[in-house]
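What follows is a pair of complexes built around chain A, which joins chain B in one and chain C in the other.
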Partner chain A sequence: MAHQDKEVIYGLYDDETDLLKAVKEAKDQHLEIMDVYSPFPVHGLDPILGLAESRLHIAGFVYGAIGTLTAFLGMTWIFTKDWPIIFGGKPYWSVPAFIPITFELTVLFSCVGMVITFYIVSGLGPGVTNDYLDDRITDDKFCIAFDMSEVDGAAAKSFLSDTGADVNQKII
Partner chain B sequence: MSGHVSPIRPPLVTGNKTYHQITEDLISPTERVPSKAWILGLILSVSVFSFGAFCILWTIWNGIGTWDLNRTINWGWDITNFVWWIGIGHAGTLISAILLIFRQKWRTGVNRAAEAMTIFAVMCAGLFPLIHMGRIWLAMFIFPYPNTRGPLWVNFNSPLLWDVFAISTYFTVSLLFWYTGLVPDFASVRDRAKGLRKKIYNFLSFGWTGSAKHWQRWEYLSLILAGIATPLVLSVHTIVSFDFATSVIPGWHTTIFPPYFVAGAIFSGFAMVLTLMIITRKILGLEDYITIEHVESMNKVILVTGTIVGVAYLTELFIAWYSGYVYEQFAFFNRAAGPYWWSYFGMMFCNVLSPQLFWKKSWRRNIWLTFFMSIFINIGMWFERFVIIATTLARDYLPSSWSYYSPTWVEIGIFVGTMGLFFTLYLIFCRVAPVVAVAEIKAILKTSGNQYVGPDAQHQHPKDVKVESEPNHTSI
Partner chain C sequence: MNQYTFSGTAKTVTIGAMIVGVVSMLLTWFVGADDLQSRFWSNFLHNSTFFLGISMMAFFFIAVCITAYAGWASVFKRVWEAMSANMLVGFIFMLVIALTTYFHWNHLYHWADAAAVAEDPILNGKKSFLNPNWYLFGTIIIVGTWVVFGRKMRSLSLDEDEDQGHDFAKHRSMRIWSAVFLPIMGFSSAAMIWQWLMSVDAHWYSTLYAWHAAVSWFVAMICLTILLLIYLKSKGLYKEVTNEHMHDLGKFLFAFSIFWTYMWFSQFMLIWYANIGEETTYFLLRREEYPILFYANLAVNFLIPFFVLMRNDTKRKLGSLAFVSLLVFIGHWLDFFLMIKPGVKITRDDHGHMAAHGEEVVHGAAEHGIHESVASSFEVGYTIPGLLELGTMIGFLGLFFFVTLTALSKAPLIAKNDPYLDESLHHHT
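Our next item is the complex of A and B:
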């Protein structure tokens, strides 16, 4: 967001129900919303806003599967090909004994992979500074923002004040 | 906000809070100058930890001969403390993961602190196997990596190695889960701060803006992490119990160990959460967020898990008798009536009998009783691990090598030192991060605030009714 200056007009609402009503109204008026910001996840917002379902869980499954294969095939290779050792008269390839580590690495890969993916696709991470519109968004205000280059400024402004928002403008 | 909320469900946030007040109440403790009590607590914890660090150095310098382990009793306080700390470290992820999946809203009041506690307890636990190795500078040998010794690999069939994987995975996952939950709250701290403080929290908040898409992904991530952390929590203490259960030592090689250890871990973990939360809510004035309802819910978990542990103790005794195997029978007779009878008595009294008081509702809701009980349970659970380890080893197959074990000052010092480490980290955490999850409390306000539900509900929120009619929401 920070790479290009954008002129943004935004409205702050006091309650998530006002926000939900306003988002619906904006959709009806075909006003292009740039983004919606809130201090906590507002349930019911995603379908109104038209946000596609997140695909993080697919990524999590893939990472988990990589973990499963790494652990199981790794142990198999080490104990049957690279350096076979007999422990307590058991077969080299003693599958039941591989289960705990296979499980742990599945969880580890899936979790670490998903967390890293989450931060990368969201543009968040250590050392990242994103421009944010208002200090009160992480406190008690719910915000709808319009990009002035995408919408008619006057229409957006009158829409925001009509729906009960405190209207502000900022270049980010 | 969503779904039907029973009018008889008790409120979890009291004091007619608004969103702004929640931010104010939960973040202002990190902005105030530390109180005298906090500074004294920190000095005490750091001193105790320093003594522990000295004892660890003493051990490393002189070797583990400085512990009074002997020919038969080769595991003493070290592994007792390890299992005890790992058990305590089970409550955090249980509260944040399993209760998230079960949609238990009361988790939001305590999950942040419980997760922090988990991470610190696992750090304390991890210390013991490391110093128990004797040559700590070779600790990296426990990880399988290509090396110049062949490469000679670790033994993947050994429960001790499973432990390495289980605990390092558990630590990593808990840390990531905890930190991802903290990111939006660090952003709240950032937006109230100025100067250097703002810069620091800007770094910690990873550039969080509160965008709708980010929240959507954040909730997905929390839910999926909870889903995979749930079996993980159960696996960790299962694998710790394999350290004993896969051996051929009478009293250890029992199939009941995994469920019994997991129940015991949850039991002691909740006790430690209660000890900490009762002090924290008082000192930071968080009684509106960590209410008597939270305490009662946790006491119910303690009652259930304590009773499971009690049933497990009795099952072990029964099976030892029923097996007709004399060595097993002797191991259990020796536990209850042998030279360590006092630890067996302490275990039975603290873990099985005392939690039964919580059948009475008014006692479950009594803060003082709960506080003392939580201390009792932690003592009892320490005794349990001591009973399992020391009594079993003190009387092995060969009577000529029977002996008695008591710890040296070095072992006691290391144990006390880990307590110092634990409280040092917890005290620092209370100062730098919101102890209660700010965003999550805001998200449950409309369904659990005392002005919306419970006996004092002033009104059904007029706006709320309209939102409730919205289909297809799920709430966390």
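Our next item is the complex of A and C:
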């Protein structure tokens, strides 16, 4: 992936309530937030940031439907055409016996598909290293980051320090 | 507004529904063709057990929330407390059924017939559980216990409102009562379901039956909770109950509809796979003679909640929630219909058969019911619910809401000293 260097100014907060207040404040001041980082999902952050609902579950539904069809049609083909065997005097095409496996494959396809999709969309994966602003945003700090090319640097800096953040600058 | 007053339209409608119910039951009694009055008694049993189970599940869910430290529902827990006031009504109704069974004034249960039991090795083997004495005694002891726990919890919750300090003594006490109730409910509800419902098919048994019926109760309870909350919100009450709470109730409706299907299907598939005659007769009868109800049951109770409530936004919109709740509530009522009526019909037909021919009834369990009843097949009130069944259900529903709303109007809508109230007010899914 082509990587463009960005100059980022960011503030670290100690508490998620401070973070929520600051994000609201930034919205009021019309400061363009580049991104917000937190060690865990913060309740109520998405609507304030105006993030659209994730479409991951739609992908999950599609994968699940593929799993359903794979299992059901696969078993239908195997037990009626490819290798018909009578089990316990049941007909070749015994739908109730197919349902547990259909259920399992639906769940499997849906889960594995969503995990892979999530990894691809987020640019994660084995052997991939990602830039991050600060070690502690994966631990106990909450971060608001501004792209210097999008906002007035001085305004962002004063905003961050006014809202009680520990201000840093970095090029990523 | 923190106080509900039960008056005006709500009172008129619930009382009107109760009148419809009484008229339907009287008509069933006098129109009923057979001298056993099985249609009347089976309707009575059907609705009594259904609504008693719903109110017990409402109390069960309060106990679960308290024991599990779950605070999200604290803001509207008074609704569940009010619903659990119906346990006393259900207790009285079940007492009527138990007493009439004891004195043999109804003929709902094949095992209640001492002469039949003596000639029947299967019923003879089940005699220690399926007998009128235990039916009466067990009902009194077990439902009585539920009622005592329900009233104790309610009074603790009302006392908590009066608390000045914040030592949470009442809540600690509630926690003990809840934790004690859960195992009691777990075992006793199964025993009650076996004797009230499963024993209408006296020869047949299934270990999953109690789970299936109990989950039916639970889902129906969630449906009524959603509908009642939507009604109260439409009156401008419970502004604190937000879409977040409705979303969680929608999730419960969605998840437990799937759980119900899991139970239903597990029971079906094990019996289908093992293919033992004395077990398959239950499903054979229902599939051959009740095909519409049999498949509609799955469609209404599984496909509709599954596909409608799968999306995030349908769980947050009151319209779609109300639509699904209403359908699923009726669906579970039909599920109970399908559990009770076929067995009652066979018991009644056998009794008539015996009386007419003076024959000894010989039951290989596999042939029990199948050969004889195929000829008699369709009958409104047994094969499908007729208007009288619907009227009876409306009456019981009216009574249920009458008692619920009366109880609700007797206390503030929000338990202001509940330790989890603040968490519940800020609930966010």
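Basically, the second predicted complex is superposed on the first by the 170 of 172 C-alpha atoms of A that agree within 3 Å, B and C clash if a C-alpha of one lies under 4 Å from a C-alpha of the other, contacts with A are read in each partner's own complex, and residues count from 1 in each chain.
Criterion: contacts are C-beta pairs under 8 Å (C-beta built on N, C-alpha and C of every residue); 3 or more make two chains touch, one makes a residue touch a chain.
Here the structure is a predicted model, which means the values were calculated and not measured.
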| item | value |
| --- | --- |
| Which superposed partner A:Ala97 touches (first chain B, second chain C, both, neither) | both |
| Touched partner set for A:Ala155, first chain B, second chain C, both or neither | neither |
| First, second, both or neither for A:Ile120, with chain B first and chain C second | neither |
| Greater residue coverage of chain A in the superposed arrangement, chain B or chain C | B |
| First, second, both or neither for A:His43, with chain B first and chain C second | both |
| Chain B versus chain C as contact partner of A:Glu16, first or second or both or neither | first |
| Partner chain(s) touched by A:His57 [first = chain B, second = chain C, both, neither] | both |
| Partner chain in contact with A:Ala65 - chain B first, chain C second, else both or neither | neither |
| Which of chain B and chain C A:Leu108 touches, first, second, both or neither | first |
| Those residues of chain A which chain B touches in one complex and chain C touches in the other | 43-44, 57, 88, 90, 97, 100 |
| Chain C partner contacts - residues on chain A that touch it in the complex | 43-44, 53, 57, 61, 88-90, 96-97, 99-100 |
| Chain A-facing residues of chain B, complex | 1-2, 18-20, 23, 144, 150-153, 155-159, 161-162, 165-166, 168-169, 172-173, 176-177, 180, 183-184, 187-188, 190-192, 202-203, 206-221, 224-225, 228-229, 231-232, 235, 239, 242, 439-440, 442-443, 463-464, 466-467, 470, 472-476 |
| Chain B contact footprint on chain A (complex, rising order) | 15-18, 20-21, 35-47, 49, 51, 54, 56-57, 60, 64, 74-75, 78-79, 82-83, 85, 87-88, 90, 94, 97-98, 100-101, 103-105, 107-108, 110-112, 114-115, 118-119, 121-133, 135-140, 143 |
| Contacting residues of chain C [partner chain A, same complex] | 265, 268-269, 272-273, 275, 310, 312, 428 |
